[in-house]
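Same chain, two partners: chain A is paired with chain B first, then with chain C.
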Partner chain A sequence: MTASRTLTFHVFRHNPRDPDSVPGVRDYQVEEAPGMTLFIALTRIREEFDPGLSFDFVCRAGVCGSCAMLINGRPGLACRSLTGELPADISLFPLPGFELIADLSVNTGKWMRAMSERLQAWVHAAGEVNLNEIEIAMDPELAESIYELDRCIECGCCVAACGSAQMRPDFVGAVGLNKLARFRLDPRDDRSDAEYYQLIGDDSGIFGCMSLLGCQDVCPKELSLQTQIAFMRRAMARQGL
Partner chain B sequence: MKILHSDVLVIGGGLAGQRLALAVKRRGLEPSILSLVPAKRSHSVAAQGGMQASLANCFKGEGDNEDVHFEDTVRGSDWGCDQRVARMFAHVAPKAIRELAAWGVAWNRVRAGEHEVVINGERVTLTEREAAHGLITARDFGGTRKWRTCYTSDGTGHAMLYTLSDRVIAESIPVLERQEALALIHDGQRCHGAVVRDLMSGELSAHLARATVIASGGYGRLYGISTNALINEGMGAALALETGVARLGNMEAVQFHPTAIVPAGILVTEGCRGDGGVLRDADGHRFMPDYEPEKKDLASRDVVSRRMAEHMRAGKGARSSYGEHLWLDITQLGAAHIDRNLREVKDICRYFLGIDPAKDFIPVRPTQHYSMGGVRTDHRGESPWLSGLFSCGEAACWDLHGFNRLGGNSVAETVVAGMLVGEYVADFCQSAHGDLEISTALARDFVLREQRHLEQLLTRPGGENAVSLRRRMEQIMTDKVGLFRNGPDLESAVAELAGLLARSEEIGVRGGLDANPELVLAYRLPRMLKVALTVAMGALNRAESRGAHFREDAPARNDRDWLNRTLACWYEGEALPTLEYEELEVSRMELPPGFRGYGAKNLIEHPDAASRQAEVDEMHAAKLDRHAAQSYLMSFKQFLPLKYRGRNERLDEPLP
Partner chain C sequence: MKDPDSFLLPRIDRWPARLDLLQSASGLFLGLFMWLHMLFVSSILLGNDAMWAVARFFEGYFFFGSPLPWLVSAFVATVFALFVTHAWLALRKFPTHWGQHMAYLRLMRAMHHEDTILWFAQVITGFAMFFLAPVHLYLMLTHPELIGPYESADRVWSGRMWPLYLVLLFLVELHGGIGLYRLAVKWGDFKDAIAARRRLKRLKWSLTVFFLVLGLTTLAAYLKLGMEHAPRVGEPYVPTWQRAAS
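And now, the complex of A and B:
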């Protein structure tokens, strides 16, 4: 093991509801420990130096999507980022594109709910099933392909890394487009391409994507966002003709 | 004062709370869900391995039905559960999974034909029926006699939570995110809602409702190392406890999962062992068959965890800078299986351990995982002591799990309880008692009480440090109220926790009343300590070993004296909670108490057990249709809502 390092964290501090708060960066020094994650480091900072520091960790295991932030400028999940893989100077900023709550805490939940409502991101099934009866069969490979796209954790990294989202606040992001790709693949969803076109057939939807592919680069679940967006664009372009 | 109103106030936005909200919405009521975090970030999302439901589709599930699921659950609980509730649950679980399948969960499906699996360290070929092709498949899990645990890879909780959350959005149910209930508003007999704090602005409001439902998960974070999310601090239990009226049930029943990674305490699913993985010691020896020749690595969690600790005590643990641990070996499953069915496990190993589980052993040890105890309710989910207060899911003790929960029964319970309790909540709201009758003065008193308390925290000199008190509580719970317990340690735990509770009244806060994590810890810590005291006192009083509660100074399961449920109440002005006990009636059990089939056979029998067993044997000897026999022994369908009473169809069991 290498000699222990002293890490310097440069952390964004601001409380937008406090009229006296001025956005700024505060530095904290922490002795690195083996296996240290940003979750461990930020918890230590809060406990030892700054009990008022706001950030969001829930599962601390990389599955709930709460703790996305800019880590040395790059969107990522803080809970599973090991300090050992970062330089001794670490800057932490809140995820851009979302309403700031305080410090490193942003309101991704509000954004995601609005996106889901706008895209009607749920299975649209014609009727209810009889729960006593054997379920409808589904091809095993198809079920696995749907789950593959269902693995999105709504962390917001793809929105933060998206050029279109930075320019168009109403852009639904790779998260939204991937969701519709997931429902389009699902035989339980009755919607036609014409209906999907109504939801995303414009510049705030599928045609707003500039194919910069920042989304795919930063997706913590390594979803095939580029492929999904390309498929959707082709299907929607066909509708538009 | 801000006053909000809903028909049903649901505290907690995980699987149980969201499914319950859907149930009441579909009955024409208006629910609101309060959630500390965006609902999709609830701890339900972390459930990996699967959901038990006796579908009997896959080859190793053939012959499964509600009877087998019921019996496995009762044995798993070490006879501590309410058998009526276990019956209701086993009956509705297939319906719950079929509903989720219709709503969008991409359950893994049966592939007809031959496939290779690993069973007991050997590669074997199984052949799946053509008729089952495309139906929901299942994997093996601990303490079950059939492969019953349905799954989506190892992201089952995620898939279920996203599907339910999407339905909640589809049905326009409001989720009030980053909102915390601080106190229940009640008059000693009837609950009328809660005082709610906005965690962003700090604003307090009174949220009034005809029915209030606690569905806020467990209390794992009382322990220093836990697989639980950071939000599982037992605040739902504390809300009920602080009424001074409602009771908590079996709080000492705390589960330790065998396989959390060292040191982070993050869970790797029981599906690892279900799919053929094994536990190994420092010498690479597979030790579980030495202790448990029958179930081996797949005995129930309480048993496997204790055997692991026993083996480490015998000097067989692997040493590391984070203390001793054992190894979980899934290398035999192969990279292709891991990439497809254990991908979260692979990610966790990669990001938190820097290893590849297809090649390397995973360092694991038993870690706090689940709270069997919770807000005591009847089979309808309502508190018998505070009308209008309901609870479901891990937060509740209705009581499905007794002293040990089987893997795969927790997410199953969340949705089943949401479906059932949701109907009973709707019935309550639509009954003569269901009207909201409350004076605004009572609501104002409760809000002002909380407001004054928070303001007082800011003006205290702050002689005590909340973080160090919390760390001490976690240490006490881990060391003295953990996997192995004994009288003297528990006595000192109760005394120390009571001391910490007194000191927690001296915590001061520097920041303001709005988004301020220091303030949050300051008001939650005394509540956590109260809940911790119910756990420690319950464990101290219960001088026997049952399920996950193991007393080294009383290692036998003592049905003669302790076949009962602990109830904890905290009367106003008292320094400690008061415990009382509720008997479990052997004469009404469908499965009378006996040996579980795994774990140590060390049992003091109940005087009525033999005669009840004779009655049950006589019934089985009559060779009646299984539904008729069941109904004679312990009829339960009348306790289910009408819509959920129908039989479950299976390939080998067509509907009548």
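And now, the complex of A and C:
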């Protein structure tokens, strides 16, 4: 890196639980360091200027999904965003559409849980599963493709980037549609397409998606959301014939 | 708000799937038809006789020996019906209250994401077509016999339709082009979806530019012909070979 820059952060501050708190933006100036991520910069801000600043981090490696925020307007993981790839002015806002805990911290868990319950996003076996029996072996290629979709970390970026989700709060988002695509692949899940249709066969599900592909373009795990959504759409449209 | 514990009928409602299919099918038909339509209309660039022949062809002149303009009316009525169906289905997707407009605009301004902006362009162009396209459709429905080099050029210039056609050209080409691209990514099964999308996007913009240039050139040709023909406005065109015969 060449001569180090001074970064100006414009950070959203508000604590909804504090009756005196007024939503606003605070500016902080931080000297850029080599290989600096937004996680490092935010930690520095908290240590040097503002111990009250709230933001979430657990893994710092793009695995837990807790650090998603709007970075210059685009949803992304703060721990995986290098300041070197951003301009010197950086605005940070909490993800829209989720319950605000404080400042940059949002409750994606609450949203994800409600979505999972609504979509019944777990394996539904038709019969009793005998835990004493050896599991039937799965074709490695199939296991691989299920694992590929299981890489979703429920960070909420796809929901925050989706025009449909922003206009319609009951829309399950790419994360939800991807989950059902994953269970539909799984041979241990005995649900039929008619049953999946019960869950997503309307405008809060697959037909609410307007193919804007914001989800595909921001997903930090680079999941094949366009492909999965088109796949579910074809399967669900067949139910209408 | 719906109570999540309310009793759900165990029957499945197939209509959301059908409506989504119908939205896409009507859009596909309209989009492809508008491209063909542009090619037919641009036959004026090949000369007055060529355009006359294309117009009579659709009236069945070369099959039945005499023009049957009601054939054109019947086709226009079909297109009109599909247009209304498509617009009615699109209403399900329109941002209808202010909160939805603001939510979408906020996202669009913040994200600078092309496909998100393109969808909004579709909403605006679609909304404008609600009002502008029926003017043209009604004329074609009620006066199908007045399609020809002089007849159309008179309508464009002396009939003062050119401003409407100029605006409609941009509305249709933008809306249809974006719509057909969206259809491909919405339903398509691609091996490499990212590469396919990039290629589709490039194809979409090239076709849009091609049809806009063709459309503007064609409109200019009708304008020129209409201005020249203004002193004899209303006189129908007779093809060269029939003139020689009479």
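Rule of thumb we're sticking to: the second predicted complex is superposed on the first by the 233 of 241 C-alpha atoms of A that agree within 3 Å, B and C clash if a C-alpha of one lies under 4 Å from a C-alpha of the other, contacts with A are read in each partner's own complex, and residues count from 1 in each chain.
The criterion applied here is as follows: contacts are C-beta pairs under 8 Å (C-beta built on N, C-alpha and C of every residue); 3 or more make two chains touch, one makes a residue touch a chain.
Computed from a prediction, not measured in an experiment: that's the story for all the values here.
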Chain A as common anchor, with chain B and chain C clashing or fitting: fit
Which holds for A:194: it touches chain B only (first), chain C only (second), both, or neither? second
Please compute the chain B to chain A to chain C angle from C-alpha centroids in the superposed arrangement, rounded to the nearest 10 degrees. 160
Greater chain A contact set [chain C / chain B]: B
Is A:237 contacted by the first partner chain B, the second partner chain C, both or neither? second
Considering only the touch criterion stated at the top, classify A:29 as touching first (chain B), second (chain C), both, or neither. neither
With the two complexes superposed on chain A, say which partner A:166 touches: chain B (first), chain C (second), both, or neither. second
Please indicate which partner A:214 is in contact with in the superposed arrangement: first for chain B, second for chain C, both, or neither. second
Touching A:4 in the superposition: chain B (first), chain C (second), both, neither? neither
On the overlay, how many Å separate the closest CA atoms of chain B and chain C? 15
What residues of chain A sit close enough to touch chain B in their complex? 15, 17-18, 34-35, 37, 46-47, 51-54, 56-66, 80, 82, 101-102, 105, 107-110, 112-113, 116-117, 120-123, 125, 128-129, 131-140, 143-144, 146-147, 150-151, 153-154, 186, 188-189
Residues of chain C touching chain A in the complex: 4, 8, 12-21, 92-93, 95, 100, 103-104, 106-113, 115-116, 119, 182, 185-190, 193-194, 197
Of all residues in chain A, those that touch chain C in their complex: 70, 73-74, 96, 118, 161, 163, 166-168, 194, 197-198, 201-203, 207, 210-214, 216-217, 224, 226-227, 230-231, 233-234, 236-241
Touching residues on chain B, where the partner in the complex is chain A: 37-43, 45-46, 55, 95, 97-99, 101-104, 106-111, 133-137, 152-153, 155, 158-159, 162-163, 166-167, 169-170, 175, 177-178, 200-201, 229-231, 263-264, 266-267, 321, 340, 344, 347-348, 351-352, 466-467, 510-512, 514-518, 521, 644, 646-651, 655
